[in-house]
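Written below as structure tokens is the structure these notes are about.
Note that the chains take the letters A, B, C and D in the order they are written out, and that residue 1 is the start of every chain.
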Amino acid sequence: MVKAAILGATGYAGAELVRLLSYHPDAAVVYPASHSYAGKKFSDIYPGMKGVADMTLREDDIAAAAEEADVIFLALPAGLASSLVNEEILGKAAVIDIGADYRLHDRGIYEKWYRTGHHSPQLLGEAVYGLPEIHRADIRGRRLIANPGCYTTCSILTLYPLLKNRLVDTRGIIIDAKSGTSGAGRGEKLASLFCEVNESIKPYGVASHRHTPEIEQELSEAAGESITLQFTPHLVPMNRGILATCYARLRDGVSAADVEEAYSMYSGEPFIRIISTPPETRFVKGTNTVDISWRLDERTGNIIAMGAIDNLVKGAAGQAVQNMNIVFGLDETEGLMGGAGSPF
Amino acid sequence: MVKAAILGATGYAGAELVRLLSYHPDAAVVYPASHSYAGKKFSDIYPGMKGVADMTLREDDIAAAAEEADVIFLALPAGLASSLVNEEILGKAAVIDIGADYRLHDRGIYEKWYRTGHHSPQLLGEAVYGLPEIHRADIRGRRLIANPGCYTTCSILTLYPLLKNRLVDTRGIIIDAKSGTSGAGRGEKLASLFCEVNESIKPYGVASHRHTPEIEQELSEAAGESITLQFTPHLVPMNRGILATCYARLRDGVSAADVEEAYSMYSGEPFIRIISTPPETRFVKGTNTVDISWRLDERTGNIIAMGAIDNLVKGAAGQAVQNMNIVFGLDETEGLMGGAGSPF
Amino acid sequence: MVKAAILGATGYAGAELVRLLSYHPDAAVVYPASHSYAGKKFSDIYPGMKGVADMTLREDDIAAAAEEADVIFLALPAGLASSLVNEEILGKAAVIDIGADYRLHDRGIYEKWYRTGHHSPQLLGEAVYGLPEIHRADIRGRRLIANPGCYTTCSILTLYPLLKNRLVDTRGIIIDAKSGTSGAGRGEKLASLFCEVNESIKPYGVASHRHTPEIEQELSEAAGESITLQFTPHLVPMNRGILATCYARLRDGVSAADVEEAYSMYSGEPFIRIISTPPETRFVKGTNTVDISWRLDERTGNIIAMGAIDNLVKGAAGQAVQNMNIVFGLDETEGLMGGAGSPF
Amino acid sequence: MVKAAILGATGYAGAELVRLLSYHPDAAVVYPASHSYAGKKFSDIYPGMKGVADMTLREDDIAAAAEEADVIFLALPAGLASSLVNEEILGKAAVIDIGADYRLHDRGIYEKWYRTGHHSPQLLGEAVYGLPEIHRADIRGRRLIANPGCYTTCSILTLYPLLKNRLVDTRGIIIDAKSGTSGAGRGEKLASLFCEVNESIKPYGVASHRHTPEIEQELSEAAGESITLQFTPHLVPMNRGILATCYARLRDGVSAADVEEAYSMYSGEPFIRIISTPPETRFVKGTNTVDISWRLDERTGNIIAMGAIDNLVKGAAGQAVQNMNIVFGLDETEGLMGGAGSPF
């Protein structure tokens, strides 16, 4: 039984992690923590979990967590994780950071996009980017996992086979992404109010969203050259779900068969479905599944590759559990659902 | 391993049953059937279940189903189930009817409210009303289970302790209920279009909804006298969830302690939570849980008892699984989730 | 041209008032004020009004407002209005208070339900309850109008004819009301976040909501006797709209014709429609219309009377404009739309 | 007073036209028609218009309409309008076709994308593409106006200044558009059910949507060269609104000042707002306004130009009224609102 700590357990991602681990056959939350709600029961904050997760929330104390847990999940604001993790902690527990602090290999890029200092740059080399479908072999047995962002998970997995196989131009890639509102978090912000979100759609973070360099890092690695791309997120009036509509120019002579072959790299993946119709976020809601579909347009010479995930599951907590399963040698799918109900 | 057939597997309730049984450790769907989609894969109709429930749909043939299955779930339009079930079928398989045909003990009341004939009235005496929290002992080992309606499950469980313990007047009871739109089914009706439902709430079936006699039957039994009550359903712009706000006049001298004592009848129930704040449907979404809360109003002398369920789970498919578990001697909670994610 | 001031112009009700007055042929906002946003343009806060209402917001200064305006609308938190209004202000401008401070004739009842002191009880006698369909004659030429609450407008207008004509028992009345989320205001509260409201319905303020005494006051006046009733509001995942489902016991011998006759009191009303099907909030969205429908249930002896309004229009800003029109001798319907688009 | 006929008055666009004309000071609907509902009152189908538009619906008979009306609005399925309009009709009344039949100058392109024959190709030369901000001078006094599509209005107006002024590459343009569900119409289709749309987003018509050639036609004209572009629509769980996020590569040396200068072509336009923050569909809901914003990305060399409209107003009925106003020499803004309420 893997003993888990969660720091930041009452944010949406942290709470989803509590929920997923409550069904996990080989893991248990032994140290749920929340700075805002320490001392209260988790189910007082999330009444839907009453009877299932009634444990008392503790302070966000990573040292105490490391004494009791085998793995520490961090669901904290940018900059905080990097000030908490150190070699001593990693000597006692594996750390899976759901936040952004260890995702970018280059400290300068991190500090520029996140506008904050990095407090443990010496650990960047130890961290592995926890996207199992790309870096599974590196994740096994590692101590510090940088769990990818929600937009990035969806975007990278959707485009990776095209770049890895040099099927598209590396210039001019555009990712137009759409997210449910849980991606904005549980903070009491005007822009997150029901009446400000409902019955509307808007772009935000245009040309400036922090997930951009993370996507570029991974796709550059796939392509073997430096990629600069356009990423535009949008806010959609729904609770969950991310859809990434990705545009790239096919290289000369690339055929549909080539594309099909490229995506066959996912054929053994338990959480990726290559489908023939455009993905809909509802069909992955509540699951760790990624639905990917693509279409060639002979008129324009473009490929439109589309991916959908649940931002709180494959985009956060579910992928964190997947990473935990890998790190601890469990079956990678344990505790992670495969099928989405409908309507849900 | 209990082998299950589902007739009407592609309606919302039938599909939810497929989903729930796909996670059930001791049951499997061996005969999924759909008149409209026979010959197609279930996951072609419900793409969220691709990779999980890809079996081919068969024709709604109860005789064929009875040859292969231990239990047959019926999710069919009113009047159809009663024309299909007979002693021979029941001799081969247990039948759990998610529809209304066997819920009302009195054929005349059925035919009046449903405006259709009943085709197997001789079986009404064999059927048990499948509300486990009230009729658990009767359900064990039975062959024909009438799975309660969604509104009725919520309303009956919310009011039952008050009537059983004679705490409220049996006259003047009012149930004002609200349901998510999946309760209207998957039919291609104008009134179910997104643009006709979204951003609005409306009452419907005022003074005439078919769930009324079912609630009255069970509460009359609880009270030991015939009850006539007011039931008004409303359509809410959300996918799932039923909330029943119930009003009754407290009998003289009844105290809060009496009410608390009455509801303690549910204290061992795995799927009922008595909570101190008004229930919210989101906290039971996707689960088989019933959240119940009550408030006494000294000014008016009323008790306001409020219950919430997921209409497709405890109000249909989940309760059907619960009934199956009881009939076949399995742990009653098998395959049924306890905790609701949030937001979901 | 009536010159209007609005204090609290950036809350949802205040902003709706700015919008409605921007189309009003005989009124203009000369003093828009907001404590939070003084110095900014109104359209910076409400970008949908860019080009239409770009005036600079001023401080919530009632004395300054009274110098410039013929009418001052107050959209302020409970208790604040009563500390601002005095005889001197009323000598210079009419005051239409969208808040609750002057609605209840009895100071004690106000202070008990609102848990705050009343700062100008001497004005309670001067104030008129601004429900034009009931108190039109009293409103003309008055200086201090207490604009009714949203739930109360809907509830009172729905039940008034029944009580005025003694068609129902005055005991046992139940109002089960449902509101869109704009009723919760623009405050940055956890409970108002999209992800906390969407896909759920909940009761709140059970047996304790502040609109209760206001409804009782007006219906008691109609009935000629003191009425205590049950009022339960619910939060619905939609922007706008209130639905009140009201239950009362018909007195012996009362017929459908009697009820029809009672509701005919509204036959000349420009903003009330008596309809034959249950009201849906979408059909009054954005308008000052009240849709009312009723059904007799012979089984229970009850009448179910149902009303729907737009909480921000007839429930707040629209009714305030209607009151302004009456006070200043304009056509009562000026600047107030009659028809609701669909879908909207 | 302009006398108007509407054929197809009970679809969402037709009904919105009825609503808008009901407030128009210089126009009136004299011949509302609906094949499905002929003989019923308009307000029986749209109860929100009760008391405002109670006229009886007539048959979709263009000849009869032409006898009574000065202008005939057609809101009909593709292919039907082209079989109804002829020189005789145009001799009696102006025709504003809200459908697609006269939008494409090239009959072959129409027949290819719409997969239907064109029944009056001889009129294509007479028709003017009714986008007033581009073709205003041509619209005045014309007899046959092809009212633009919803996606196209938004996309063309957003990109036009960039192409007209040769600021961007004509190759590689991508339009990622998102629409509310009213764009799918009032047909009783499974994919339009509340439970199939809510809580999800999906692309559709990828590389094949019929609005593509219409956008290409107009932007090619602006650029003075043939443009092929990528257009991808998405379905969003909201009633109304279109957002077009457009991507193009800036030509070398183009500065922000150049872009600003280009968009200044709209500075006198009553219905276009150039704003500094990304547009949100809620801020144009219910209005004929287009909100446009743009951002240069130095990293990628792209411009991201974003536009938002209400698909039923500027994207259909509102623009049709605007066209009518121009054709008949009325003030172009008559009967068309400027400000959007919020929340709405």
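The working rule: a residue touches a chain if its C-beta (ideal position, glycine included) is under 8 Å from a C-beta of that chain, and two chains touch if they have at least 3 such contacts.
Note that the coordinates shown come from a computational prediction; the quantities given were computed from them, not determined experimentally.
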Hop count on the shortest chain-contact route linking chain A and chain C comes to 1
Is the number of contacting C-beta pairs greater for B-D or for C-D? C-D
Intercentroid distance (Cα basis), chain C paired with chain B, Å: 39
Where the CA atoms of chain C average out and where those of chain D average out, how many Å apart are those spots? 37
Whole-Å gap separating chain B and chain D, where each centre is the average of the chain's CA atoms: 46
Going by the touch rule set out above, which residues of chain C reach two or more other chains? 12, 181-182, 195-196, 198-199, 237-240, 280, 282-283, 285, 342-344
Considering the complex alone, what residue numbers of chain A touch chain D? 172, 174, 176, 178, 180, 195-196, 198-204, 206-207, 228-230, 232, 234, 236-241, 243, 245, 247, 249, 278-283, 285, 295-297, 299-300, 302, 304, 306, 342-344
Show which residues of chain C lie in contact with chain A when the two form their complex. 12, 181-182, 186, 188-190, 192-199, 237-239
Which chain B residues qualify as touching chain A in the complex? 12, 15-16, 19, 22-23, 46-53, 181-182, 199, 239-240, 273, 275, 277, 280, 282-287, 289, 291, 312, 337-344
